[in-house]
């Protein structure tokens, strides 16, 4: 019988937990707002009152929470599940957190006989629901091998980055950086085009077809054409946070990142102008304003 | 019987001219170094001694030359073909030149009864050989319609950007800008990864598969992993020139482009460090050196 | 008897010409709007109807006009004074023009037996009126020596930059760049302070007294505190032009200038937001808006 | 009789403590390497074995230590003087630390009946020895007034920034930012000049005389001309740290600082190229290398 916990049932965590149930696993789940767990309860999950109650010794806990601080609290806070994991227990952290906390929790688990596996993902809620996430995995070889069948229930592929859990987080935040490079680059290009009398849509169509015919690029191009996504897929404030994480990793590795620095200033200015809660593609509005346009 | 001239038989022009012959057209060709024309002569082309000799009144001339100055010379220089085009003649310029010269030559042709069609392309020599170029087309509607069948012999698709020939050039140089954004972004990301202990190749594989599964991205990712392309597909000096063109278009449109400014400084520094004749992906070596690494 | 012409009687040229008269020289003057010349006529100057009429063979002409194009017109345009200068005539250009035109006019004069001396200045109208300008001088040694007594009537000191007239212009535009670095730097610092609850004026007072107790810094600090100068001492559009000149000099010398690139984007954005005709310290308003403040 | 402690006897702290003795105060001093204290002992100071031994209840302790961590240790670490200060004791922190720790220690002292006064300084060791420092002071009004006579023994002037101790630190790190703007700006300007054939020294002389005739600018101009200072007045690694502090303050205040971002990348690259222990003007060598020159 399984001994699997899942902590954090947000836009991503909920469909991921559902996929684990669908794959035949028995889950205990925890969320700060317990009513979010209802669909999972109906599918047979057990609702825990505290993070500590999702698992017993030697089990596996997945976490999908918002940031470093939330992760720390559910793991080693007063009601955290950490001390329960005990010998051979595994903590699989799938959220985008800092390489630093990944390394700190790894050390904590090592001292307590348990293990930390980093498994951040690429993909948005629909991909999570379709079990089509891409999973970046790093951590000690044994635990990594043991959780692999579980991860396969969540995604279409696993990329392996070795023993240092921080590595998976570096790859993840650098990946978000690459996406934001595309947003900024397209926004600059389309704004020059538009102010030169060229239709944004026609220009984007050309690039998407002739240069970058892949879904992620296409989706972001559509949002840039529209002046930013109307629905919040990923909050700008979180985009700034992830950019800060990649800059922190760069500082630690002693690498200058001029594009990431430009993006930092861009995200900060967007927050300053009141766009922190909009989708992160709202930086497109700042590009427009800097060119003297009224943001759409 | 056709009355078609082709001026400029470099890495791109040569296979393009060959495709026009293959499609059944009769060509007169001109190149500064005439020996380059030999394969075309063998396929039936006529070799002209001067640009002026490639065409007679009412014909069509394709140009695929290196820069604004060369274009000006072969068109309206002492031996230029411009005055020969006469009434209803069409000049199809397929090189990446400035929006400014596109507009100036358009005006010149208008005064002489002939027409200018801008038709810059995306695609490298193998795509030119396979008639798989993507063609960005702009100019007066009549001439544009008349040359369309000829262009279809060269590419897999035509994007239409209206009556202002300068527009096609803006879209083209902005497209090159988007590619250089990807080179710089990837170089920064992989350098942070590498100095954090992560394999460049593994990191790039993940991004190419999970985020950007399209050939252009894949090709450039491979070059960035290698620290820059060994073969010169597109000279860094020309990359700087195109970046200057996009910045000039931005200045004219009064649009700040912070990413293009960073790239300007990057290309200039690469030229200063002796990489002007290398492939433009050699900026990856500058990213490495800025991070204290020895360039590969 | 003197044979001295002065072309360009704007905010700077007028008091400079007056100082030459005051020093005992006889002047012929030209200005596009001749009514500006009235005070000089009252002091004994002769009003010329065309640039060509300000001088005869072997004389000296000072020019203080707005930009490269105006300089070219008054010198070698249809009514230009250039052909009149003849053997041993000297053209002293005191405006901030490009190193390029300095070199082109130098060549022109060399072909016509006359000479070009570059003598751009630091100082604003009050310094011009008080004969307290600082003069940067470059050109062939003989002519440079001959005009030195004339220049001493205009300024408090002359800096010598050798035989290449372009050099004086590089030093001049790079000096304006240094001033704009101070404007931008202070604007960023005071904005962080202000949004942290610190009084802008108190902060600027500290820097001016403890770090940079010199008039230029003090004057600009006062303008930055105020959110930009109310009176237009130097139009932002011209600030952008000078920044473009320093970037062009840097491109030619193959030197990346990241600060100048940031300033380029800053000036362009200020023009895009409608501040082209304001004082160049109006970039301070852009810094404020980027931080989410309402510009003062 | 005085009850004054002084913790941290480095290049700055030593002459400052000596000036307090010279002004007639009795001092107890602590330094990690106690032999540094010898000259002060000879002048009558008492050597303490632990930070806690420099003061008794109600006294005043000056700290001049290297960074946030050292400050925390000597104040509230196992042997810290904090608990000894007791009712009405005052901690005067003169080092350049983060606004954050200033606020945290302020809260700590408030809970223990003592007070925190921030008093960072502008000036290098010779100014410290001559009691010519400029002192930025912030903290609760009563304690601030009480230590004012002591501070006057150390500097030539005090700038008052109100009740929030963090404010003085923001002003201080932003001041260092302004100095680094001058270093970078001059380095870019002189490099363009040099590669255009103009003498660095002549160019700097002109700017220092005509635009910025003040000692700080003059001193830095001399270092930039020389390609960076030979003696380490302020380590580049600390310059990077202070830049990080100003960026952190900017992040907190939600202000983008593009110049500070460029400087961040500059300092990081200089550390990556092995210049972390050189004087912070060694960034001039990076400017040279980016322009293809061999650093001096």
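By letter and in written order, the chains are A, B, C and D; residue numbering begins at 1 in each of them.
In the analysis below, contacts are C-beta pairs under 8 Å (C-beta built on N, C-alpha and C of every residue); 3 or more make two chains touch, one makes a residue touch a chain.
All figures in this text were calculated on a predicted structure; none of them were measured in a lab.
Fewest steps needed to get from chain B to chain C, stepping only to touching chains, is 1.
Listed here as common contacts of chain C and chain D: A, B.
In this structure, the chain pairs B-D and A-D differ in their number of contacting C-beta pairs, and the larger number is found at A-D. Put simply, the C-alpha centre of chain B and that of chain D have 53 angstrom between them. Per-chain CA centroids place chain A at a distance of 40 Å from chain D. With touch defined as above, residues shared between interfaces to two or more other chains in chain B number as follows: 250, 254-258, 262, 265-266, 269, 271-272, 290-292.
By the touch criterion stated above, chain B contacts chain D in their complex at residues 258, 265, 269, 271-274, 289-292.
Contact residues on chain B toward chain C in their complex (touch as defined above): 244, 250-251, 254-258, 261-262, 264-266, 268-269, 271-272.
Chain contact summary for the complex, chain C toward chain D: residues 99, 122, 134, 136, 157, 159-162, 164, 166-167, 170-171, 174-175, 177-179, 181-182, 184-186, 188-189, 191-193, 195-198, 202-203, 205-207, 209-214, 216-217, 246, 249-250, 252-260, 262, 265-266, 290-292.
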